[in-house]
Structure formats: structure tokens, C-alpha cells
Amino acid sequence: MKAPRWHIVVIVAAALAFPLIVRSDYYVHMFILALLWVVIGSSWNLLAGYTGQVSFGHAIFFGIGAYTAGLCATKLGISAWWGMLLGGPIASLIGLVIGWICFRLRGPYFALATIAVGEIFRLAAVVWRSLTGGMQGILLMQSFRSKLPYYYLALAIAFGCIYAIHRVMRSKWGYYFIAIREDQDAAESMGVNAFRYKSLSLVVSSFFTGLAGAFYMNYMAFIDPEVVFSLHHISIMAILVGIIGGVGTLWGPPLGAFIMVFLQETFRSSFFGLGPRWVSELHVLVFGLLVIFVILYMANGIVGDWDKIRRLGSSKAGAASASAGKGS
Amino acid sequence: MAVFIQTVVAGILMGGIYALVGIGMTLIMGVMKIINLAHGQLMMVAMYITYVLYEYLHLDPYVALLVTMPALFVLGSLLQRYLLNPLIKVESILPENQVLMTVGIGMVLTELARLIFHSDYKSVRPPYTSMSLYAGSIAFNLPMVIAFGIAVLLTIGLFIFLLKTDVGKSVRATAQNKEAALLLGVNAERITVFTYGLGAALVAAAGTLLLPIYYLFPDLGGAFTLKAFVITILGGLGSTVGAIVGGVVLGVSESLGATYISMALKDAVGMVIFLLVLIFLPGGLKRLTKI
Amino acid sequence: MSTPFFESHELTKDFGGLRAVNELSFHVNEGEIFGLIGPNGSGKTTVFNLINGYYPITSGHIRFQGHTLNGLPTWKICKLGIGRTFQVVKPLRRMTVLENVMTAAFNHTESVVKSRDKALGVLEFCGLADKKDASAKGLPLGDRKRLEIARALATDPKLLLLDETMAGLTPQEQAEGVALIRKIRDSGVTIIIVEHIMRVIMSVCDRLLCINYGQRIAEGTPEEVANHPAVIEAYLGKD
């Protein structure tokens, strides 16, 4: 699916105007979270959807970014905003090391290794109390009372991330990433140093995920290992955002992010207070059912299978089949 | 020294149960070539069944094996038949689609358990659970010994089944070479359904045996899924004998880690061993021992 | 005699206890079409997999234009100027034909524009230009085989390894294939070809090497090899 230029203009304009029109801290907060997931989901998608390396460990980079920002304040005595500068590069560096270890494994073994590394980071953050504060986490003061600065910052990061991925995928790197996903042996025989390009994909992916983590620390002003290094709430959520929106597409993860965040909030708040309270316990269950449904019936996500969905909607036969390879 | 031996013994006993967890995972991995990330969650389901049977029908957990194993066999078969097998025909970008499906299944099972039983800890403690056997100064916790014994019996039974029966032979053939097995007229789809059921039944046995010495909460499943793949990788993928070795190695190293390093790092020990094996010893411990 | 363009010296490959290639020595001169033949399972594809670094070499060595290839990764061997096709074609399924070839054409450039130009040229050369926007997964077999060749060519090889590019094609397509192989050689690329179809081999090769059980049986001009008693025995079997 290719979004025409005027679509993008409309999206940007609407995003800029949104908090000025909807003057509700609650909805602006929801949008900030969604934008955060746009960044994490898109980053995961660069590595998994485009390069074919399914990571179950993106919480590592999110956590590293968040703790970088937090430790700037608690250990270095400087503003946690410095974390926005440092979080991305440090997450990338750690990504390089993890890639060096894990990229010798292929397919599902790579996925397993990323789970293991993720768990090690989470446990390390719990146990290494002198550095991280352990389970007590890190608590800071928010810099702004208004949500607007956070909103526009998150928006800038999200668009920056999408634009960067868009550019990367139109360059030599993009062709090499997809070649590795489609057939690593064939790619190598065409002169693609698969290890190097997987690492590059991971560096970009972990950079933006780390940046998102640093932003999260500044925005939420509280982190602990179970939140930011969580297998379920971060790593697997990133995967859900990707597969529901559509892996290997530019606009799939952003769409998935908004769907997931609003679905989560709808259930968490028991349909905004309209439903019975026990509904709030259902949100993870609904995610699980959604994953099963999407994998069974929309293997390439909403954006990837858009043509198929539209065909079902208008029940027009003979339309071209969905091709979700290099959607940009 | 006594502490050391005690620690190792506890680890080996635990390793017997881990072996059951690992063998189930290994069978699934061998036949379907997928990692079952719902494995621990299946175990959790079996544990809740055991809990309900004990709490409301006062059924002894060891007798409950006769219920949980068939029940999980059916559940596992249904999952494979209706959720995993259809994916073989689906054209998707990520080859790990089936693995992601097991993640979804695991989430649903965990959340259903939370919905029904809430998040608080449950346990099953028949009177004999506090008894111990002694050999010199070394204590053997009775339920652990029973669990170990039953685990060994089940494992032997499984091996006889795999080696002697036609269905067992088909499972092994499919695991070794799917194309060849198909040529020989093995109904691969039926074998996958059967294998997932079998794997689920084995991990159900592990869960039921574990309940008298452990405690139960919905998120326990996830933790045991991690353990299951650690065991499987340790043992060498698809090797049933390897899974036993892997189970015992994990049991002992966790036990040693808890005694000599720290309780909090117990789980990290497994992860670190796992990574080291995955990277430096592809093929698992099987490569060292040539089993 | 100076160092040959390409040389395999006592090349050996063991799989477990099984010796797939056994002390195989041969050389290829620049500009020739060199055929590698042998019965099924004689080790031809294994030799290719050794040359392009897909399998590690057990012993012996391979030299190409003064470089020893032993231990080099596949992508580096490609950068040195050895391109290959796969017997079982490996199209990048969710890319178009053009994108497939562009990926290969990035071998010596960073620029998308240059890569595209190069790829379009190669597609024209291979007769695939009109299919450039087709998805690789939907191509018929003949075009997939062409795509394999186009991709290998786009990496700018000095030596091209063709692994059974004619298998499964119609006689018409085979004739086109032979013409294409000659055209590639005339453009200055040396070729090693593994092929089952004897008519193709006999008409296109300058020299032939016949192997069985990973060992040399005969080497020489197509006529010499075809009439060699050991070759006839290897193909027809000895009862």
C-alpha cells in the first residue's frame, strides 16, 4: 500500500492540530502512548518485517534507552533529557553486541536467543540494585505540566522514525534487507554480507527503540525493570503492533500502534466506564484472540492484506491479489 | 559437602520433571519444526485442572494424572488441528507465523486462567507433602521422589511407545525426515495433531507432578515456556534423550545457582547456559556426548 | 605456464564419513566454457558449493586470479568476481524481477540509480526486460532460470557458475539458453557449467571434465570425453 503525498500532508496536518482541537489531557496522553508505539513497532518491523529477523527482545533497547535517561538524572546528576541524546546511540551499541552474538543463528533460533538475552537484561536490572535501584525503579519529576511539549516531541520522533525507515528502505540497504529476508543464501551469493546488513538493520532499529525508551522515562517520570524490560508488555507488544498492522509495510506498524493502544485503553477503562468493571481484565485476552485471528485470516496484517480486506468489503472479484513485499 | 550433595540431589529430582517438560517440547519441535511458545501455558492449564480436582473433588494429584493427561492431549490436538495446521497453507512474510500463533495461544490460556482463578497463588498440599525420606544426612522430599519416579516411568513408557508401536515409529520418521515419511505413506497432518497432543499430555504430567511441591498462578506458564526451550536447546533440538539430559542439567544448575549464587539469579543461570550452548555448541549437549 | 585463471587443486570434501569430492584437480582458462558432467550424485553441485564458499573445504584449495578462496565467505567470493546460479532456483519471491536484479547489481555500487541502470541493461541482455515489473514468485520456470542467470550477471562476474540452468526447459527454451550462454561468454565472462542435458553440453563447451563419486574420470574436448570408455561406463553402469 502506497500512501499518496496528499495523504501524508493530511495526516501531518491532523496530527499537528489534534491537541489544539481536542483539549483533553486524557486523549492527548493516549495519542502520546500511541506515537511511542508507532516508533517501537516501526523499529521492530525494520528488523523483523523487512529484514526477516524476528526479535522477541525489543524490550532490551527500550529498557536501555529508558535507563540511560533515568541514570543521567540519578547517577550523573544531569537532566534526564540528555538521555534523548544518549539513549539511541547506547541502545544501538548494545544492539551491535547482541547482533554479534545472535546473528549467527537463523530463523526461530534467533528469536529464541533474543528472548533469552531480553530475560537476562530484565533480571540484571532487577538484581543490580546499586545501579538501577532494582525493583524500586527510578522516579523523577516531570519537566512540564502540560502534555503539549511531550505530544509534539513524540510526534517528531514518530515521523522522524517513519521517514528514516522510508529512506533506508529505498536505498541499497533496503534492497539488501529484503533480500536477506527472502533468501539469505541467495543474497550472499549476490555479494550481500548478510551479517553486516542484519547488524545495520538492528542498529537503526535499536536506535529508535532506545530513543522511545528515553522519551518514556522523561514523559512517565517512572520506570522499573518489570515495565521497561518486560517480555510481554514491550517485546511481545511490539510484535503484536507489527503483525496486526502489517509486517514489511511502512504504514502497517503505525496503524497497528493506534489500534493496539486504543483497544487496550477501551478495555482497561471498561469501555470508558460504560461497561461493567470486569471488562477491564479482558484486554490481554482480547490481544491474544486478535493475534490468533489476524494470523489465521490476515497473515500480512491490515495494511499488508488491505486489498483482500477491501475485496471482502465490496465483494468485488478479480482484483489483483495482495502483494505486501516492498510496500512503501 | 553435605549441602552440595543435597543441592545436587534436589536438582536431579527436579530435573526429572523438567525432562518431561523438555521431551514434550522436543517432540513438537522435531515433528513440526516450530518452537511451541505456549508449552508452559499448557502445563499451567493442567495444574489448574489438578487444583480444581483436588479442591472440589478431593482427588489426589497423582490420581489426577489420569484426567489431566488425556484432557491436555485433547486440548493440544485441537490447537494443532484448528489453529496451527491451517497456517501451513497461508502465504505470509514471516516464516515464524506458527511460532507467533503459539504466543497468541499462550496469551489466551494465561488470561483465561486469570479470569477464572484470579492472580493469587494457589497450592495443593496433601498431608504427605511435608514428609521426607532420609539417606544418611541427605533428605529426599517425598513428593519430589514420587514425582521423579513417575516421570521416569512415563519417560520409559514413551520410549517403548516411540520404538515399538507403529504410531510411535511414524512420529520418529516424521521428525527425522518429513518428505521421506510422506513418501512412505505417513499421514503427516494426523501425526502433527497427535504429536502436539502427546507433547501437551507430557507437559501436563509434569505440571500435575509439580503442583504438590510448587505453587500456581496464571503467569507461571510463561516462566516454564522459557525453561522448556532452555532444556530443549541444551539437549539438542529434536533429541528426546537429549531433552532428559537437558532437563537434569537445568535442574542441577538452577539448584546450584540458588544455593551458591542467589535465589534471584536462579532463572538467569538457565538463560546464560542457554545462550552459551546456543552459540558455542549448536546441536546442544548431544554434540559433546554423542548420544 | 603462468598461474591459471581458475584452479582447483586436490579439492576434497567430506560429509561425516562420506567423501563427496575426492582430490579433484582441474583448471579453467580465461574466456572458455568449461563443462562439469557426471552421473546423479557424483558431486557436481558440491563442487560449486565449495567454490562459492557455501560449504567449507575439507582439504585442497581453490585459486581464482591469484586469490585463494579457501575459508572466504560466500559474499566475498562474489565480490572477487564469481557469480553463480542455483540448481533449485532461489528467486527473492516478494520482489519484482527488476528488484531481484537490482539487489545483485548493488554489488559494486551504492547508488540506486546506477544499480537500476545496470539491472535494466542486464534484463535487456537476458531477454527479461518486458517482465521487469512482474513479481518473482509468479514467474514460469523458464523465466526463473533466466532470472537466476540475470542476477548472477548483474554482480559483474568474471567467472560464472551455471548449475543446471536448462533442466526442465522445453527444447525451444534450451536453444535460447544456449544462445544466451554463448552471448555471455562473448561478452568476456568465463563460464563453468554443470548440466545433465548432453546435447547442450556437447554443443556449448570448449572443454569437459567428467567426475563420478567426486573423482575425475576424464577430461578433454567434448568428443574425447564423450567417447572415453570410463565415461560411458559411469553413465551406463557396469552390470
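Some notes on this structure:
A, B and C are the chain letters, set down in written order, and residue numbers restart from 1 in every chain.
Here, a residue touches a chain if its C-beta (ideal position, glycine included) is under 8 Å from a C-beta of that chain, and two chains touch if they have at least 3 such contacts.
In this text the structure is predicted, and so the values were computed from the model without any measurement.
Averaging Cα atoms per chain gives one point for each, and the point farthest from that of subunit A is the centre of C. Summed over C-beta pairs in contact, the chain pair with the top total is A-B. Remark: subunit B and subunit C have CA centroids separated by 47 Å (rounded to whole angstrom).
Mean C-alpha position of subunit A lies 43 Å from that of subunit C. Our note on geometry: subunit A versus subunit B, Cα centroid distance of 32 Å, whole angstroms.
Shared interface positions of subunit A, i.e. residues touching 2 or more other chains, are given as 248, 324-325. The multi-chain contact residues of subunit C, meaning those touching 2 or more other chains, are 94. Shared interface positions of subunit B, i.e. residues touching 2 or more other chains, are given as 93.
Interface of subunit A with subunit C (complex): residues 170-172, 175-176, 178-179, 182-183, 185-194, 248, 323-326.
By the touch criterion given at the top, residues 48-49, 52, 54, 101-102, 104-105, 107-109, 111-113, 115-117, 119-120, 123-124, 126-127, 181, 231-232, 236, 239, 243, 247-248, 281-282, 284-285, 287-292, 295-296, 299-300, 304, 324-325 of subunit A touch subunit B in their complex.
Contact residues of subunit B toward subunit A in the complex are 34-35, 83, 86-87, 90-97, 99-101, 103-108, 110-112, 114-115, 222, 226, 229-230, 233, 262, 264-265, 267-268, 271-272, 274-275, 278-279, 282.
Across the complex, subunit C meets subunit A through its residues 52, 54, 73-76, 78-79, 83-84, 86, 90-96, 99, 102-104, 106-107, 109-112, 115, 135, 151-152, 154-155.
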